[in-house]
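After this come two complexes, each holding subunit A, first together with subunit B and then together with subunit C.
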Partner chain A sequence: MKTMLKAALLATIAAGLAAPAVAQDALQLPNMSYRTGPFAATGTPHMNGQLDYMTMLNERDGGINGVPVAFEECETGYNTEKGVECYEKTKSEGALVTQPWSTGITLQVLPQTNVDEITVYAPGYGFSAMQDGKVFQWAFNPPTSYWDGASMIVNALGDGNPDNLNGQKIAFLHLDHPYGKEPIPLLEQLAEKHGFTLLPIPVGLTEMQNQSAQWLQIRRERPDFVVMWGWGAMNAGAVTEAAKTRYPMDQFVSVWWGAHEPDLRLIGEEGQGFRALSWNFPRSDSQVMQDVKEYVVDAGKSQIDQDSGEFDSMAYQRGVLMSVILAEAVRVAQEHADTPDISREDLRWGFENLNLDEARLEEIGVEGMMAPFSTSCANHTGNASAWMVEWDGEKFVKVSDLLPADRETIDALVEEQAAAYAEANAPWPTNEECDQ
Partner chain B sequence: MLYRTAGQFKTSYAEDHALFPVRQDAMLLGVILLFAFVILPLTASAFTFQALLIPVLIYALAALGLNILTGYAGQLSLGTGAFMGVGAYACYKLITIFPELNIFLAIALSGFFSAGTGVLFGLPSLRIKGFYLAIATLAAQFFLVWLFQKWGWLYNYSSSGAIQVPNIEMFGVTVTGPRASDLVQYYFVLVVVCLVTWLAINITRGRIGRMWKAVRDMDIAAELVGINLMRAKLTAFFVSSYIVGVSGALFVFMWRGAAEANLFDISLSFRVLFIAIIGGLGSILGNYLGAFLIVALPVVIGAVPAAFGIPISSSTVEHLNVMTIGALIIAFLILEPHGLARLWAIIREKLVLWPFPH
Partner chain C sequence: MDILNTIFVQPFADMAAAPDFLLQVIWEGLVGGVLYALIALGFVLIYKSSRIFNFAQGIMVVFAALTLVGLYEMGIPALLAVPLTLAVMFALAVVVERVVLRPLVNQPDIILFMATIGITLFLVGLGETIFGGENKVMITAELGIPTGSIMLEPFGGFVSIEERDLTAVVGAGVLVASLLVFLNRTKIGRAIRALGDDHQAALSIGISLSTIWVIVWFIAGIIALVTGIAWGARAGVSFALEVIAYKALPVLMLGGLESVTGAIVGGLAIGVLEKLFEVYWGQPLLGGNTEAWFAYVLALIVLLFRPQGLFGERIIERV
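Here is the complex of A and B:
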């Protein structure tokens, strides 16, 4: 017994101290997941989607160009402290990319990845100024950024012309966290430009499930619209509170994370008219989704909850698309490097030269699920457009064409904030070779 | 046998008052320091530095600060996380206002801001004690975190509300920011921690420390023998918050690299309090043992299934981890309610007497 205990203890210590072995025969594309903690409800379907697409590639094609994908998950629980630990762990295991999955963790690892030369891939989240590829050489947030999203929402609220909002009041209900504060600088500029009043209403991490104070304020202020930038338990809390206070749902708009069926099912019919901006739209009959179903879900290799309709959900299929973009970057990198065994630098090149046009999206089998976009050396976001989706009481339906964003305002702000970031983190190498 | 103290005669008062009157204690410490200063830095990987060594040291320092207040002076505090925040934000403001300031000096100075805040929120301790004081410090916790969020000047009005640590050089070596090497940061933290620990040991066993202990054990009796309660309690708040503030500055500048207000919320306070309680209230060594159990052990346990090639998902590992650590905490507290430091004291006592039972 004693010797066993000793052996176990020694092994434990050795396991903790020894650097994990680096596997060479697979593409190390780790993901920082949070299937535990307060944000697990929204995190899990996304992570399932990401994982299942990569599993499907391994099952169907034996990986990407013949090299299997090691899509290891590292659990963070949305905790930035764990995020740093995961970053260090995956780095020592030879990760090609880091997917921080939280704006907080992104901000934390962003300076470090620039020194370690590892690509940060933050699909549809993270720091919007990452669009500036000259400053953020190693960071990518395709297909679209929060500032793009905020601008598209403002355009949609003004029925295509944001000047229609002149004199109106928009309440900005957001999580009091770097993520929720992210669109404020842009919204302030748009408010000034188009003459509407912006009313930021923060929701603290501890008040996510009880937002009566915030909704009381909304009732008192009588805003023309409520724009929500929430996550996890906050979204469910907000829609139930809106239903309770009988706030008109057609004046309530969320960013893409609010397009989450389980939250809306809580209020069902009462949620009719609730809109959200989404850069993806689920299409379960697409080639990719059918392949995922055949090779992963039906083969019992998926963790999804099939009875709850997770397969058809916005979140799950968004997760699939996140992996589609990552796999495409890997493929581009492999072709450029002329070897299936790519390096970190190759993958960075791949992300910089993504060209997911209509033809390519159709070739992959995801046509109609997301808007086409392309990245470049100077533009690391791609600025894909997004749709407005509306809750009809049972599911989300598309209610708009692809929406435009105010490029001029956003690009100016991106340049300003990226320069400020580089200055605050000096010495920060910039890539001057990029042409616009 | 190993710990035989027979034959070690003290021939002067100075020797009797030495930091380690028993030779074996000094030798053991020497071995630990040799490990900390030479062997670990030579062998550790970046992951070990970032996930194990640096956080354990910083958390141990924070717990040490709390232990002075709670363990030595008997004043319960739930505001540790916020006081760490004061140190971190003070250091950030000092560095951004005076960029040429030496970072070592900036961290040392930032402790004073935290100490001042600590004394301010310690004032209620003159009237209330026990759980009631805990509530008062809880108010400090919530108020300060709210202040970190709302007062834009503190984070230089950055749009995300987070503070980012810049690259700072000291004598030509980058010590903070993304360009700093793990080794440099580790040594920086280690030196600060050793220095503060040495100071803390000497304060707690000297006149001031005895004053604190007298207040802790019975404040009316302490007052009757001529101890100024106000001075005793406020010095405890001052010294404790100073150390906590320094640990907060190290926490952000030497380890995290960026921070937002929510980082310093109540869960951080509880984490530090757990370290102090499980390590042992009223001991210096306990903070290190506690920090190892609470901070490092989950990381080590998390690596076990992968090391043995057991295929379970990382979220399951996380759930198992929480359960294991919870069970261990309960087990240790049942085994020795006075903390790990007391457990070590008992082991040491047995070793001194060995092979005799009494």
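Here is the complex of A and C:
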């Protein structure tokens, strides 16, 4: 009996060891997820969306150009140390890309990815200066950056002209974390340029669910607007405190992560008028979403909570679009390399040559879900525009056209901060051949 | 000179200029303090009876709240979901005692502490598997907890008191009073205190260690459920509730690990003082977010003068 048990154990271990050999035939596109911990509430639907799109490609098309996608998750709990462990683990398993899913983890692994020559893909997050492809050759943050987002919000608050904010006060309620602090340098410049006062209000990790001190400060300072850069439980805490403080919801605006239905459902109709900038807008009847439904959700291969309406949510469909961009970079790389089995360098080229124009978005089946954009050797962000969406008491509705960002101020800050980063991390290789 | 003014004059001038705002700050601090005290009580009870620092107290809050909401989502009426959740917490207490604690009797304290970290990781995985990681709405109204607000108008200003916060304060008060009666007036309560005083002596007079451990972990489960409802009503139920357990650590340092009174006084003191410091000194002087460290600094200052905490027992060992 003991011999049989040992044999069974050895067979199991052998099968386990053999598994990576099979996986080598797949495109290794791992994701650093956090489905547990204080940030799981917003992390989970995004990660479900990312995973389900890749599963759909595997089911519908056999992968990308016939090569299956291995979209393994490595749980970080939004913890930077665990993120670095996940980076090393996935690298050793042959990852073509690293998706850190945290600005803190992105900043931590950024220098190493340059040495290891692995693309960092941080869709809509990370260090905004990663836009500068000359300096950050291996880092990409399409379709838009936090600095783009902050500028678009300022534009919207000024009704299209930020000079209208002259003399006004904007409270910047943010997670006390690299992510939350990311837009501050740009907001400080915009405040100086347009004459408004910026009041940064940090929220610590242990205070996310008890923000009474922060909202007491808002009650005392009476800012004209509150701009929120929150994540996870912080967003839910903020909207409930705003409702409790009776802060006018139409003066409360968030970056895209705040466009999260479960947070607003906590206060329901009291949240009417709350706005968020969003680079995506859900369209459940789009071709891609219908395919995800048919091949993944209805087939019982999805982890989504169908009863809560997750399929139709902003976050889930944002996650789908994140994988759409990644898959498109893989496809472009395959065409360029003239082989479906691409290398890390090929994928980097793919990310540098994305062209998701209206026609291509329609071809993929995501038209209307995001704004068109393209990347280049010099521009690794793409700077897609975004919409303002508003909570009507039950759901988010689109309340603006695509908003412009202050390119002059942002691009100058990108160049300055990228140069400072390269100098601080010298010797840092730059790509002087980039001229567009 | 400006800095001296900001530290010693301006805060008090602000308090005098807007006394309604000061009352609001104190009330918010009090509500937070009551909830810190509740979490700390969970730690204290288990430590008193078993000398185990229960790292799993935070995740028990999440697990209890998620179970309550999960049962309700399954179609069980809210008022029936509460006793069922308590039954789940009792079952958890039995399993913890049988599977984790009993095999580790007589092991060093650090082993038992590590075991509670294991329980934490297990409950995180179990909770995520059963309930998912999404933020859920606490069934506040369904439980009969009022959700409106009371607007007071003292000194020509206003103080807003949420009825759910008021309920949390009253509920926590009733729970604490019941616990004190239970610990001081009942046979089992005396047995728990006896175990806390001296394990060997308590065992020698026939007190059952396993029974007491199950009872104590169950009481910690009840406290976790009350805390989960109170915090969950404020900002939803998610795994983020776990991090509020960290706020109980300075309360324990301040009040003493073995003192029920210490947990209550420590919780209230930290709740009110950290809020006053943040609003009147932290935000103008340090840019805010001082609540992340203020309580620890306060506790460290107290420990300098009273190493056993404000209400802890002085340990005297003969050498």
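The rule we apply is simple: the second predicted complex is superposed on the first by the 413 of 436 C-alpha atoms of A that agree within 3 Å, B and C clash if a C-alpha of one lies under 4 Å from a C-alpha of the other, contacts with A are read in each partner's own complex, and residues count from 1 in each chain.
Convention: a residue touches a chain if its C-beta (ideal position, glycine included) is under 8 Å from a C-beta of that chain, and two chains touch if they have at least 3 such contacts.
Predicted, not measured: the structure shown is a model, and the values here were computed from it.
With subunit A as the common reference for superposition, the partners subunit B and subunit C occupy clashing space. Of the two partner chains, neither subunit B nor subunit C is touched by A:Gln306. Once chain A of one complex is fitted onto chain A of the other, the partner contacts of A:Arg219 are limited to subunit C, with no touch recorded for subunit B.
Of the two partner chains placed by the overlay, subunit B and subunit C both lie in contact with A:Leu205. In the superposed model, A:Thr240 makes contact with subunit C only, not with subunit B. Contacts of A:Gln417 after superposition on the shared chain: subunit B is touched, whereas subunit C is not.
In the superposed model, A:Gln290 lies in contact with neither subunit B nor subunit C. Once the two complexes are laid over each other on the shared chain, residue contacts for A:Ser343 go to neither subunit B nor subunit C.
Contacts of A:Val84 after superposition: subunit B is touched, whereas subunit C is not reached. Between subunit B and subunit C, the overlap after aligning on chain A sits in one stretch of 93-101, 129-137, 165-173 or 345-353, namely 129-137. On subunit A, the surface touched by subunit B in one complex and the surface touched by subunit C in the other have residues 35-36, 176, 202, 205-206 in common. Put simply, subunit A touches subunit B in their complex at residues 11-20, 33, 35-36, 72-75, 77, 80-81, 84-85, 88-89, 91-92, 103-104, 107-108, 111-112, 114-115, 127, 176-178, 181-182, 184-185, 202, 205-206, 303, 417, 421, 424-427. Chain contact summary for the complex, subunit C toward subunit A: residues 18, 21, 24-25, 28, 31-32, 73, 124-125, 128, 132-137, 149, 160, 162, 231, 234-236, 238-244, 246-247, 275, 278-279, 282-283, 287-289, 291-292.
Residue ranges on subunit B touching subunit A, taken from their complex, read 43-48, 50-52, 149, 159-162, 164, 166-167, 177-179, 255-258, 260, 262-263, 265, 296, 299-301, 303-304, 306-308, 313-315, 317-319. Touching subunit C in their complex are the following residues of subunit A: 35-41, 43-45, 176, 200-210, 212-214, 216-217, 219-220, 232-233, 236-237, 240, 244-246, 262-263, 265-266, 305, 307-308, 310.
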